[in-house]
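What follows is a pair of complexes built around chain A, which joins chain B in one and chain C in the other.
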Partner chain A sequence: MIATIWAWLTDPANWSGAGSIPDQTLEHLRLSFIALVVAALIAIPIGLYVGHTGRGRVVLVNIVSAFRAIPSLGVLFIAALLLLPRLKGELAFELPSLIVLVLLGMPPILSGVYAGIQQVDPAARDAARGMGMTGQQRLWRVEVPCALPLIFSGLRSSMLQIIATATIAAVVGLGGLGRFLIDGQANRKYDEMAGGAILVAVLALLVDLVFAALQRFAVSPGLAPAARR
Partner chain B sequence: MNRRHSTVLGLALAGVLALSACGGGDPLDEEGGEEATGGGGGEEALVIGSANFPENVLLAEIYAAALGDAGVPVETNLNIGNREAYMLGLEDGSIDLIPEYTGNLTLYLNEAAEETESEAVYAELQESLPDNLTVLDMAEAEDKDSVVVTRETADELGLVAIGDLAPHAPNLVLGGPSEWRDRYTGVPGLKEVYGLEFSSFRPLDAGSTLTVEALLNGQIDAANIFTTDPAIAQNDFVVLEDPEALFAAQNVVPLISTEKVTPQIEEVLNNVSANLTTENLTDMMVQVQDTDPAEVAREFVDAL
Partner chain C sequence: MIRLEAVTKQYDEGTPAVDNLTLEAGTGEITVLVGPSGCGKTTSLRMINRMIEPTSGRILIDGQDTAQVPAARLRRDIGYVIQHAGLFPHRTVLHNVMTVPRLNGWGRARAETRAREVLELVGLPGDFARRYPGQLSGGQQQRVGVARALASDPSVMLMDEPFSAVDPIAREGLQDDLLRLQGELGTTIVLVTHDIDEAIKLGHRVAVLRQGGRLAQFSSPADLLAHPADDFVADFVGRDRGYRALSFQQHEVPVHPEEPVPLGQPLTRRGDEWLLAVDEESRPQGWVVPGEVGDAPVGREHLHRGGTVASVDGSLRALLDAALSSPSGRGVVVRDGVLAGTVRAEEVLAAIQAAPRPDGTSIQDERP
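For the complex of A and B:
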């Protein structure tokens, strides 16, 4: 089995042309990034607001847990059946999948941002207030930089989940690495199926490494775990 | 950061291992392993399976109802998957009987199969079957693959037969089930027999609302829809003629494990097949849209 998977992964025919591994990987990344950006654009402001003001904490915590319970595949089918007749072209296939991925990607970002802001050292916050900073200044110059490690960890776990789940887009006819899983199964090509699964895992890891590198640049060295003690 | 990292790495590795472990095993083992645990009196129940589309589920329910009435202990394990999946179930004994279609089953068993006419296909099927599998009488009812376009497309491009698509195919998108990608009675056959090279093939669920919706809304231009699908009449779709008989005859036929065949089972199923026509099957398919398939099957069997 391992040998046939390896043969599939290294077959040059699978590395060029339409529907090839690079092709589907790019498509997978494109869908995943769009979903992450949209999820972040929605979740970060809400997380910042709740973390900074402390208002709506209970609501947020409950919404986050509720979102985590949403069954992705079910939402995908409902969204596809509702939207397919109403939209034209590629968007009709992409939007349902994006909705699912955004819903899935929001909770980790929300909790990361909220918890990050919440856990900023009160002494730092008081010092900022004592220096006469306004609420906005405290948020952007003190709280956000201090919260960055947790914000990043929220983004990273969101990205991991989105990449792993983007495979289900193939169920409604979209591209991406999920094609190998679905088509491989339909055509009894288990090497293709397993190869696709491995590619998804590898892609998730690589993207996480990139995010880790970004985090290293973005987070103040003073907040690095080693320097904390 | 390092600790988090090794957790992520560990989880991913565990995932890869779990997945490759799955790949080596038999996918039916987990879901399809509904073993027949004693249908009373020590007699083992006959497990009836079905493919994952409504008509096959209905046919399986009809077999189940007819056999149940005759006093044969039956169990059902429906919606297993496509042929590629449930044939493995017949091999390992997790199912014993499944409604099949002569042409596609023959092609599955024998890639070199050439016959396309009903009787000839049935004869070829008998030859291609391994010893452990048996087919009983076939029904007149036939559910073929077909290439379907909207009335609008047909009028605009002057389409009557599949071959008429050839000059337009490079601008059109074909939609069908994933297995059409590699199956001869799919994309490869359309190319070889009719010279169709579609701009792309979009894999969608077999005979699903998704395919119908996508065809109606122009996301795909031609679709693989089964001839007994009520959506064809409801949406005024045009079924393109198949003069080269790429899609072989597809009469409904019970496929059963040879060791499970008894004269009683044979008689009951042959009687069902004798009464099953394309018309009454299509009628039942319309009913199935808002009625439980088991009820529709019950009504049909009661009227036998």
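For the complex of A and C:
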């Protein structure tokens, strides 16, 4: 079994041309990044607002847990059924998947940003205000930099979720590594299915490593656990 | 000068947090607000830089009504130090201290020069600048907090329980340094504490507040100890106030010559009388008993360190304490750290009897 999976993974024929492993990996990444960027653009401002002002906390917590209960496949089918007749071309297929991925990607970012801002030392916030920083200055110069570790962990878990779930885009006919799973199952080629699954896992890990490197670069060393007593 | 005029802070319901408080904090002085929890001292302090807006009344700084100045602008001109320092963990010590100058639009180089200057001033030289707050002790963090408040050279500084969270030894050092700094810079300081000893040590003037933000007494520390206005103040000022009041009194006390023995050398004298050991620079190290030392050179293991040391020009309290705590009954007195001689408890007591009290009377006057 392992040998056949390995054979499939290393077969040169699977590494070139349309629908090859590199091809589907790029497609998978493209979908995932679009979804992450859109999710972040929506979730980060909301998280910042709620964290900074403390307004709408209860609503936010409820929304986050509600979102986590969303059945991805169900939403995908509903979105596809509703949108397919109304949109044309590639977008008609992509949009339903993107909606699912964005919905799924938002909760970790929301709670990461909100929790990050919330856990900023109250004394530091008080001092910032007492020194004459305006609300915007406090947010961008104190709260956000101090929240970065949790903001990053929100983004990373969102990214992992999105990459893992992007495989279901194949169900509605899109590309991505999900193709190997769906097509493999349809053709009873289990080596291809297992190979595809492994590729998704490896991709998720590699992207997470990239984010970890970014985090190291972006977060102040003063916030690293080693800098504390 | 900071002037609170009939300032009241009333939250939605219930009794006011601060009720009709009128108070003047003199320019170049340390004014301490002290009182039990719930007395509105922190609320009063935070109304000065408009962290809390008063419900009614006015607050003037050098004649300027603070309500007329935009809050952020006002706060940038007022130093602000809080209990847990509130340093920014993501910024180095240097960048923490540069904060207010940068907010005030100073260039990076000028702000950095100034930051290094004030760090030096609070006793954190050189490589502390590059560290992060998480790498400092509580006392060091609080020093950075003071440096950060001083960086823009404010004429007014507000301090909210600045040393309460620091261990007692570090606290004493911080208090001494604050007194020194304030003496050098002449900053007008309003400081909040719940610790009456700290209030008495630091304040030129002490305002005792009672529950509901009402002023119970506002006077000099010596006066507070000598003449508590009512039972509440007397109770709050606490025990030992007769003894503590000696901190503010000085009087000539005879200093007897003391023949010390050097550390590291064998004794040339015998007997069971206590002898004072000093180091090469004549600084007192502790007391020894010849019987315990024998023929060996006097070592640190022989020292009895029970006695406190008073300065020649110290308060009567310090002198009396030196005499009372000394195992030999001879209180060690130093001048600039170097042995000056010893004092006797009975002579300090005689001086106490003769010394003028802050209100001009002396104990002897009251004798029939």
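As a working rule, the second predicted complex is superposed on the first by the 229 of 229 C-alpha atoms of A that agree within 3 Å, B and C clash if a C-alpha of one lies under 4 Å from a C-alpha of the other, contacts with A are read in each partner's own complex, and residues count from 1 in each chain.
The definition used in the following text is that a contact is a pair of C-beta atoms (placed from the backbone, for glycine too) under 8 Å apart; a residue touches a chain by one contact, two chains touch by 3 or more.
The shown structure was predicted, so the numbers you read here are calculated from the model rather than taken from an experiment.
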item: Room on chain A for both chain B and chain C (clash or fit); value: fit
item: Chain B versus chain C as contact partner of A:208, first or second or both or neither; value: first
item: Which partner, chain B or chain C, touches more chain A residues; value: B
item: Chain B versus chain C as contact partner of A:89, first or second or both or neither; value: first
item: Touching partner for A:187 - first (chain B), second (chain C), both, neither; value: first
item: A:155 touches, of chain B and chain C: first, second, both or neither?; value: neither
item: Partner chain(s) touched by A:198 [first = chain B, second = chain C, both, neither]; value: first
item: Partner chain(s) touched by A:2 [first = chain B, second = chain C, both, neither]; value: first
item: Partner chain in contact with A:222 - chain B first, chain C second, else both or neither; value: second
item: Which of chain B and chain C A:146 touches, first, second, both or neither; value: second
item: C-alpha centroid angle, chain C to chain B via chain A, nearest 10°; value: 160
item: Least Cα gap, in Å, left between chain B and chain C after the two complexes are fitted on chain A; value: 16
item: Contact set on chain C toward chain A in their complex; value: 49, 51, 71-77, 80, 82-92, 99-100, 103, 132-135, 145, 148-149, 158
item: Sites on chain A touched by chain B in the complex; value: 1-2, 5, 18, 80-81, 84-85, 87-90, 92-93, 153, 160, 170-173, 179, 182-183, 185-191, 193-194, 197-198, 201, 204-205, 208, 212, 215-216, 224-225
item: Chain C contact footprint on chain A (complex, rising order); value: 121, 123-134, 137, 142, 145-146, 148, 219-223, 227-229
item: Residues on chain B engaged by chain A in the complex (per definition of touch); value: 1-2, 4-5, 8-9, 12, 15-16, 19-20, 22-24, 27, 82, 84-85, 175, 177-179, 181-183, 200, 202-205, 209-210, 213-214, 216-219
